[in-house]
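In the part that follows, the structures are each spelled out as structure tokens.
Here chain A shows up in two complexes: once beside chain B, once beside chain C.
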Partner chain A sequence: MEGISLQSVSKRWRHTFGLRDMTIDLYPSQFVVLYGPRGSGKSVFCRLVVGVDQPTEGTIMMNGVDVTHMSPIQRGIAYVPQTFALYPQFSVYDNIAYPLAIQGEKKSEIRGRVEQIAATLGITNILNKQPDQLSGGQKQRVAIAKGLVLNRRVYVLDDPLVGLDYKIRERLVEELRNLQESLDALFVYATSDPLEPLLLADHVVVLDQGRLVEQGSPGSLYYTPNHVGTTTLGYPAANIIPGRVNRDGDRWHVRTAICDIPIGVTAEVAPDQEVVVAIRAEHFLLGDDQSAAASLFEATVELEEDIGSERIVHLRAKGQALQAGFADHKTSLPLGQTLAVAIKTSAMRIFDQHNGRCVATGAAGIEG
Partner chain B sequence: MIPVTLDPSRDEESQANMRAVKRSRIRERIKDLSVWVIAVLFFLPELWIFLSAFKTPQQILAVPPRWIFRPTLQGLTAMAKEGAFWTYVFNSFFITFTAVFVAVGISFLAAYGLSRFRFRGGDFLMFVLLSIRMVPGSASILPLFLMYTALGWTNTYAGIIAFDVMFSIPFAIWILKGYLDGVSQRFDEAAQVDGFSRWRTMFRIILPQILPGIVAAVIFNMIFVWNESLFNAILGGNTVQTIPVALQSGLNTINGINWQYIASLSFVYTVPLMATIYFFQKYLLVGMTFGTVRGEI
Partner chain C sequence: MNNDGGQRLRFMRQGLSLKAFAWILIIPVLAFFTIWNVVPFLWLLGLSFYRYYPTFGQPPKFLGLGNYISLMNDPNVWERIGTTFIFMVSAVGIETGLGLVLGFVFWSRRALWGRRLALTLLFSPMVLAPVAAGTFFRLIYDPLYGVVPYYIHAFFGVPKPNLLGNSHTAMLAVLATDVWMWTPFMTMMTIAALGAVPKAVLEAASVDRLKFWQRVRYVMWPYGKFILLLGVILRTIDAFKTYGLIAAMTAGGPGNATDVLSITLYREGFVSFDMGKGSALALFTLFIAVAFTSVYLYFLKNREREAIS
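On to the complex of A and B.
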């Protein structure tokens, strides 16, 4: 197979797991984003693919060749590590140029490439400085430049934009996307940022506690997540409300602190099962439509965030904090006001509280 | 508005403050002075030897000692005319330079291995290494002498240098490993990804970052090898005799002690070491902290 393929790969230290039984295929020319919270195994994944670490078990294949025990340079993967190390004794220019020089590129060729990538990352004016003279953000951009300057088929970027200021992030996200398209290379990009997967990815891989929990296109993961870890994608993250499955004759619903939510029955739900309900901000509806009685509740406005394109309302209902976005409501809501809020239950996903798997979806019929 | 300057109590207060400042300044002066007095007291024997190197034998033995005199190069020139003197000087420099170079080179490789490739018992190995230096010289001298005679290594440069290297390595490894542990493994990984060989990583990427440690190891070992006289006296001989050994044996001549010769030789002996350490002082001070206090990289 073209691209990279991990087959039952595990990475274990004495007592801790970095990655558990990971089997996945990464196809060429794709922008793959690894998404997960800290400690979910993103960095371990990157390090194993690049070859700075060896897996405890399993095989890593690249273009059909077993590369499990090959050195990074034999695999030929460009890498921007999360904890990058710039050589303090070399200037910024030499730091970026050194990998090219080692490969025996011509001096003029090297200069051109370094200057081009420096311009992209906005670090042209610091090329002659030493790494210890740079700010944290500048160092980070140099590290990115150092990885991207190489001409490779596979690029692995381990949370390269973390901590950079918003403006640079925004620009670099666009640049990275363009770069990936023009290079037509496989990008593996790890992040814990909830927006980057949606902005960058062709394919999102969600990791949790060293396991692959879900993968798919950004759209499918956003709208139909199959694991509770995926519901943090986007902004604001979905509201996670604990509840318990309740059966009332033929009608099943999830009883939560704020209201009852009707669900479609699947083989995976049983009465009294402990579950969590994920409600996205846009699934709250303002209104007093009485037909929504089952999923109607009262909530108090605590705070309102105006982020330009939309308005995020922080609500509190029976002690539960909720973040809602009312797309059709353009005027601001007075603080402390009590509202009648309905939930668009058909779009809702129900997850098992213990393993995080999606066990049911909200039943339709109670639209606001 | 409160007229601050017109407040008499304030004025008194500020005067009291001034007095306190003055008192503490005087106290500082006294502290500085006493530190200097103590330092000079410690340095007196050295000073006596230094001055004696430029005195005539009569001036050296004069009672009370003469602090003001017309310096003479008589002792130094007489010594320089002696062929044996140049052998001592050559031996001291050659043995020190070679032994320290070889020892620090080997130690860097060993320390890199111990720092980067963790293995079972590594820490114990570090302890065992240093324990070589815990055995008193007088305890190991006899078995070493027997080994050296059996091997025919006595009175050879290779033999003496091998001994000095062996005794220098443990300490050098300890110093260098401390520094190497302080250099993040991310550098090794970055170099690996950039396509550096292990060898190149060690010398181009890691070595420049632990230069203070290298300087510290060099200086500590230089002091040891330069001053080593016991083993040289027993395992060595005329060919490989160094200055400190010559000083020892020079003490007992038929005509009593030749103080002028001793003073001149001591002077020539001390100056190179002092000059080197003075030059590398700033690195040595960094080295003393054993890599715990490093500048941000």
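On to the complex of A and C.
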């Protein structure tokens, strides 16, 4: 197979697992984003693919060749590590140019490429400085430049934009996307930022505690997550509300502190099962909105966040904090006001509280 | 510790300025330093201008620079300095070289079989008293029942040599002992120096396809040099004033083949009891040692500046 394929790969140090039984195929020319919280195994994944670490078990294939025990040199993958590593005695220019020089590129060619990548990352003005004269953000951009300047088929970027200033981040996200398209290379990009997967990825891989929990296109993961870990994608993250399955004749509900939510019956739910309900901000409706009469409840406005394109309303209902975005409601809501709020139940996903798997979806409710 | 500030304020309220308070804190250290370092140094300096034999029962006689002039004109002294330098340079050179190799092996091969045991054994010579190690090796080199002469005889078919009694081999034998004793120290410093290199940069170097010597030059050296050079400085100073080991093995002999400055110094002061000349020689030795360390410190400082600018 073209691309990279991990077969039952595990990484273990004595009793701690970095990665557990990971089997996945990464296809060429794709922008793959590894998404997960801290400690979910993203970095370990990157390190194993690049070859700076070896798996405890399993095989890593690259273009059909077993590279499990090959050195990073033999694999030839461009890598931007999480802890940026610059050569202390070299200027910024030399730091970026050195890997190219080692490859035996021509001087003029090197200058052109370094200048181009420096312009992309906005570091042209610091090319003559030494690493210890740079700020953290500058060092980080130099490290990114150093990884991206190489012409390779596979690029691995381990959380490269973390901590960078918002504007630079925004621009780099766009540049990375363009770069990937123009290079037509496989990008493996690890991040814990909930927006980057949606902005960058062709394919998102969600990791949790060293396990692969779900993968798919950004759209399918956002709208139909199959694991509770995936519901943190996007901003704001989905509201997670604990509840218990309740059966009333042939009607099934999830009983939560704020309201009862009708669900579609599946083989995976049983009465009294402990579950969590994920409700995205856009699934809340103001009660006077006639389209959904289902699952009405009362909530108090605690805070309103205006982020320009949309408005996020922080609500509290029976002790439960909720973040809602009332897309149709353009005027601001007075703080402390009690509202009647409804939920678009058909768009909701229900997850088992223990294994995090999606077990049911919300049913249309009474309105149908 | 909120109290500290309060205490200081109370001192100040009682009429003590902050400066006076600082002096109160510094005085014990200064007193200790004066009694143990400054006074003896001045005493030594004073003695070096006198002819003084404590065993003769005569009052000291002022000579001015007489002791220094006779030292400068004494060809033996220059020979001793030469011997000391040969010993120092060879010992530190060999120990650093071997230490680098061993340190690198132990550092890079984490999974080396028996690594821990080997490290423990390797470091054991360092904790011995030099006199004990010297005595131990005098037995090993003993021409009658020593192990080394026995094997030289067995392998090369030559009669058992008296290594310490021969002016051609005595220095080598002493050097070998010093190397045995102090290579572990340089090994340890090498491991520490390599430990100071960030793992991320080493990994980046392997992804960037740097060759071994490029990694040494651009990754390991910039981060490890301070610790490594500190080891070399400590070793140089120590080798320069080696006494116990040589005293126990050859006492400077045979003839003056291993007669380093510290041995000469001891003989002048405590065998001949020529306190004046001994003091002058001691000051001279001190001067050389200070000059040495200054060179290293200058080098380190220079490097530091180079790395920053």
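Just so it is clear, the second predicted complex is superposed on the first by the 357 of 368 C-alpha atoms of A that agree within 3 Å, B and C clash if a C-alpha of one lies under 4 Å from a C-alpha of the other, contacts with A are read in each partner's own complex, and residues count from 1 in each chain.
Heads up, the rule we're going with is that contacts are C-beta pairs under 8 Å (C-beta built on N, C-alpha and C of every residue); 3 or more make two chains touch, one makes a residue touch a chain.
Note that the structure is a prediction, hence the values are computed from the model and not measured.
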item: Clash or fit (per the criteria above) of chain B with chain C on chain A; value: clash
item: Partner chain(s) touched by A:S71 [first = chain B, second = chain C, both, neither]; value: both
item: Which superposed partner A:P88 touches (first chain B, second chain C, both, neither); value: both
item: Broader residue contact with chain A after superposition on the shared chain, chain B or chain C; value: C
item: First (chain B), second (chain C), both or neither touched by A:V50; value: both
item: Touching partner for A:Q130 - first (chain B), second (chain C), both, neither; value: second
item: A:Y235 touches, of chain B and chain C: first, second, both or neither?; value: neither
item: Partner chain in contact with A:P99 - chain B first, chain C second, else both or neither; value: both
item: Common interface positions of chain A, toward chain B and toward chain C; value: 50, 52, 71-73, 77, 79, 81, 83-85, 87-89, 98-99, 102-103, 132
item: Parts of chain B lying in touch with chain A, wherever the complex brings them together; value: 184, 186-187, 189-190, 192-196, 205, 208-209, 296-297
item: Residues of chain A defined as touching chain B within the complex; value: 50, 52, 71-73, 77, 79, 81, 83-85, 87-89, 98-99, 102-103, 131-132
item: Of all residues in chain A, those that touch chain C in their complex; value: 50-52, 71-73, 77-79, 81-90, 98-99, 102-103, 130, 132-133, 146
item: Complex contacts: residues of chain C adjacent to chain A; value: 198, 200-201, 203-211, 214, 218-219, 222-223, 307-309
